[in-house]
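Both complexes below contain chain A, partnered by chain B and then by chain C.
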Partner chain A sequence: MRAYLRTIWESVSTLVTGMTITWRHMVNIRKGNVTLQYPEERWPRPERDIGFDQDDYNVIRSRLHVDMDDCIGCLKCERVCPVDCIKIETEKVDKGEDIPDVGHTGITSNGTKKALLLTRFDIDMTECCYCNLCTYPCPEECIYMTGGPNSEKHPIDYEFSQFDRNDMVYRFAKEASEEQVEKATCVKNGEKKNG
Partner chain B sequence: MGVAAAKEIGPVQAEEMVLNIGPQHPSTHGVLRLKVKTDGEIVSEVIPYIGYLHRCFEKHAESITYEQVIPFTDRCDYLGSMNNNFGFAVAMEELMDIKVPERVEYIRIIMAELNRIASHLLALGVYGLDVGAFTPFLHMFRDRERILDIFELTCGARLLYNYMWVGGVSHDLPRNFDSICIDFLDYFEPKIPEFNELLTTNKIFIERTADVGVMPAEVAISYGVSGPNLRGSGVKWDVRRDEPYSIYDKFDFEIPVGSGDVGTLGDCWDRYWVRMLEMMESCKIIRQALKTIPEGGDVHQMVPKKIRPPKGSIYRRTESPRGDLGYYIISDGSEIPFRMKMRSPALTALSVLDEISAGWMISDVIAILGSLDIVLGEIDR
Partner chain C sequence: MGLLEHKFQDNVVVASMDKLLGWARSTSPWFFQFGLACCAIEMMATAASRHDLMRIGMIPRSSPRQADVMIVAGTVTMKMALRVKKLYEQMANPKYVISMGSCATSGGPYWQYGYHVLKGVDLVVPVDVYVPGCPPRPEALIEGLLKLQEKIQAERPLTKKTA
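Let's look at the complex of A and B:
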């Protein structure tokens, strides 16, 4: 009987202790302890003081973006991707030549001469696992995740959604019809192709 | 009339009933199906059916390069991703004979211990949820959120990090990391007594967990149970201390074991309590590491351009939040692993479920399952 009563007493007293904590938290409510009204307001992105000489670090996981003017089509990012969500196709063109028809610039911002015309550069963001492996091997630093340290290159975009699954495949290659591509590559490499 | 009806029906026949829990059930912590044979309310046998989350991790690893394996190890035990990366990196470095810079070792240990706290917070929070306490869950998730913020600050990701590479880590710590991390520890350590008042000493919680699902040390050892579950049974075994990897031998920390103060040694409450104590030990390790971490140096210094280990094999185990996490890697000298095996601590913890839950009631099976802290992503791989 005594044990029975003691159990009841302990239950009540520990419940009161627990409720005291709850009430204490309710009384001491501070700014930031309330629910955030998400679509209207957002958590700030953490501010990172990276220091040293490593401010080119890609310290964010968001949507992948490619600066096509800088891409030389080396396929390094395609090869390193563990889920094969990057698909690249290239055509050979003359080194360093601009081909305005298909939006091809011959020289990257680093001064590398581009020998390949990119006819396809697709990133399927539904497959992407945000592992950030593709951004490291890029010799031109043209593939990166948006925002964060790259925010001057591209504003942050981590809440992207689409109504159609196919719209999640981001096509970065400049749009050009097949004839245009054929013309551009044929004219420049006419002798090589025919011979 | 009652007598007449009873005569018509005949004597009451008690049969064993098979109850199916899961695969979609909030208390199975993932996609797990339990076939429970019951006699009335008493459980006589629990058969777990696994494989709903099977993603062919081991087979798939045989077709991708070593650096591409690391994002997949994240996804096995998704609550302790840092520890999974850590285990793989340590095994690979031993195989390739790489000596990583000291700063990297410290960074890894800080991250692994932070992740251990985060994982235990989730385990304890949802354990409260399993046995009917909702408030502690919210408190613990609030604090776990702050750890995830620290991870986001460091490497950009909140859950699946791909942070520890073979030979290094992907990002150096930010300059303001020290103050942020110490702020968190100063905030977090006083919270543990609050959790204890809320949940640990709560009489209803004690009645639900103490003396329930007793796992004697012999049973735990014979099933190969490891980690907090084994220590809850009073066995002082921790890979961090007994087979030190990385630089764990430099730190001074206790191995908490179950005491049986509240109920019997090795009951659900002991397993819960060991996790609570482990969080405090992790805080201690992080504080020591932050004090002695060397400055400067490139964290990518020892990262090999191409990971091409010599012919041979390695088995290395590390202490993940769930126990002994082992990687067995066979290399044939190419860039792709010839065979890879992951020894998952949660699988052994699940296999002991039948042994320790026979004779308990159905609601106790839920309490026992929660106290084992399984992650189905790791069991099925």
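Let's look at the complex of A and C:
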């Protein structure tokens, strides 16, 4: 009889001990919990340590963005790109003139007069290796990685999965038909059209 | 599943069964770990406790027979492409492929002069979601997986396909 009662007591007491631990964990569920509930909360994107003071440098790894109103078509970013993922095509236009037909502004926000109309500015983000090399030589600072030091210009964007590979090619040039571009260009058959 | 697939007219029972199947498939897509390069490190970090893929029902499996999703993480070389294809064919239906990172999606930095790199894993297996990044952060990968879950949920496996 005594052994029977002791068995019952042992089972109850060990159960209570175990359940106490379980309940303690349940009450303190957020204490020492490292998991991030991703879509609701996320880590701030860390900036890259490039070994020296980086206040003036654009050092974050995210999607590339181009402010087309500031781009002068100097091709420096295209030349410096180690994987050739930037493709630029330009046409000569009158220097400093606004051409609203093709969305071309004559003067950049830095005051540079633009002499080239960009008919194509494609960045294939599937080929990009996020090295930031294109952002340094840009004289107008119009190509940059989103977020980080540039978060006032463009919010951070590094989660842009797509169902189709072609959607990952970002076309920044303003939409314009061939006739509009033809009309806008000042060089025709090797001769200047007006002036 | 294969016998019943796309064999039923659209009605209340089939539609609700479709929804149930979509929910069941999308909430437990066990993934086949296919780490080929540096992207594998980020994939490990995604499955570890900080980002915890178990929250969305994903458990890493080492065998293609037990997996629903193949995450191709890293540079697919010509030699490896044959194995990718073979392992994809060993997976049971329904199967999905995520192309993680620049290299798997288009060859990445090797897209131009890489004599040994496959220019995109979609040349050998059908890819459902492309995750950008070099390598992608765990957040970017989870975003791609959530996108894949939406895609699986929208599927109608039983209903006869119209059009």
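Simple rule for what comes next: the second predicted complex is superposed on the first by the 141 of 195 C-alpha atoms of A that agree within 3 Å, B and C clash if a C-alpha of one lies under 4 Å from a C-alpha of the other, contacts with A are read in each partner's own complex, and residues count from 1 in each chain.
By our rule, a residue touches a chain if its C-beta (ideal position, glycine included) is under 8 Å from a C-beta of that chain, and two chains touch if they have at least 3 such contacts.
This one's a predicted model, so the numbers in the text were calculated from it and none came from an experiment.
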First (chain B), second (chain C), both or neither touched by A:163: second
First (chain B), second (chain C), both or neither touched by A:82: both
Which of chain B and chain C A:130 touches, first, second, both or neither: both
Chain B versus chain C as contact partner of A:153, first or second or both or neither: neither
Touching partner for A:171 - first (chain B), second (chain C), both, neither: neither
Which superposed partner A:42 touches (first chain B, second chain C, both, neither): second
Which superposed partner A:113 touches (first chain B, second chain C, both, neither): neither
Which superposed partner A:95 touches (first chain B, second chain C, both, neither): neither
Common ground on chain A, meaning residues reached by chain C in one complex and by chain B in the other: 61, 82, 129-130
In the complex with chain B, residue positions of chain A that touch it: 7, 10-11, 13-15, 17-18, 21-22, 46, 48-52, 54, 57-61, 80-82, 129-133, 145, 148
Contact set on chain A toward chain C in their complex: 34-39, 42-43, 45, 61, 63, 82-84, 124-130, 158-165, 168
Residue numbers on chain C that touch chain A, as the complex places them: 49-52, 55, 102, 105-109, 111-112, 120, 122, 127-134, 136-137, 139-140, 142-144, 146-147, 151
In the complex, chain B residues that touch chain A: 64, 67-72, 74-75, 135, 149, 152-157, 160, 162, 170-172, 174-176, 194, 197-199, 201-204, 207, 296
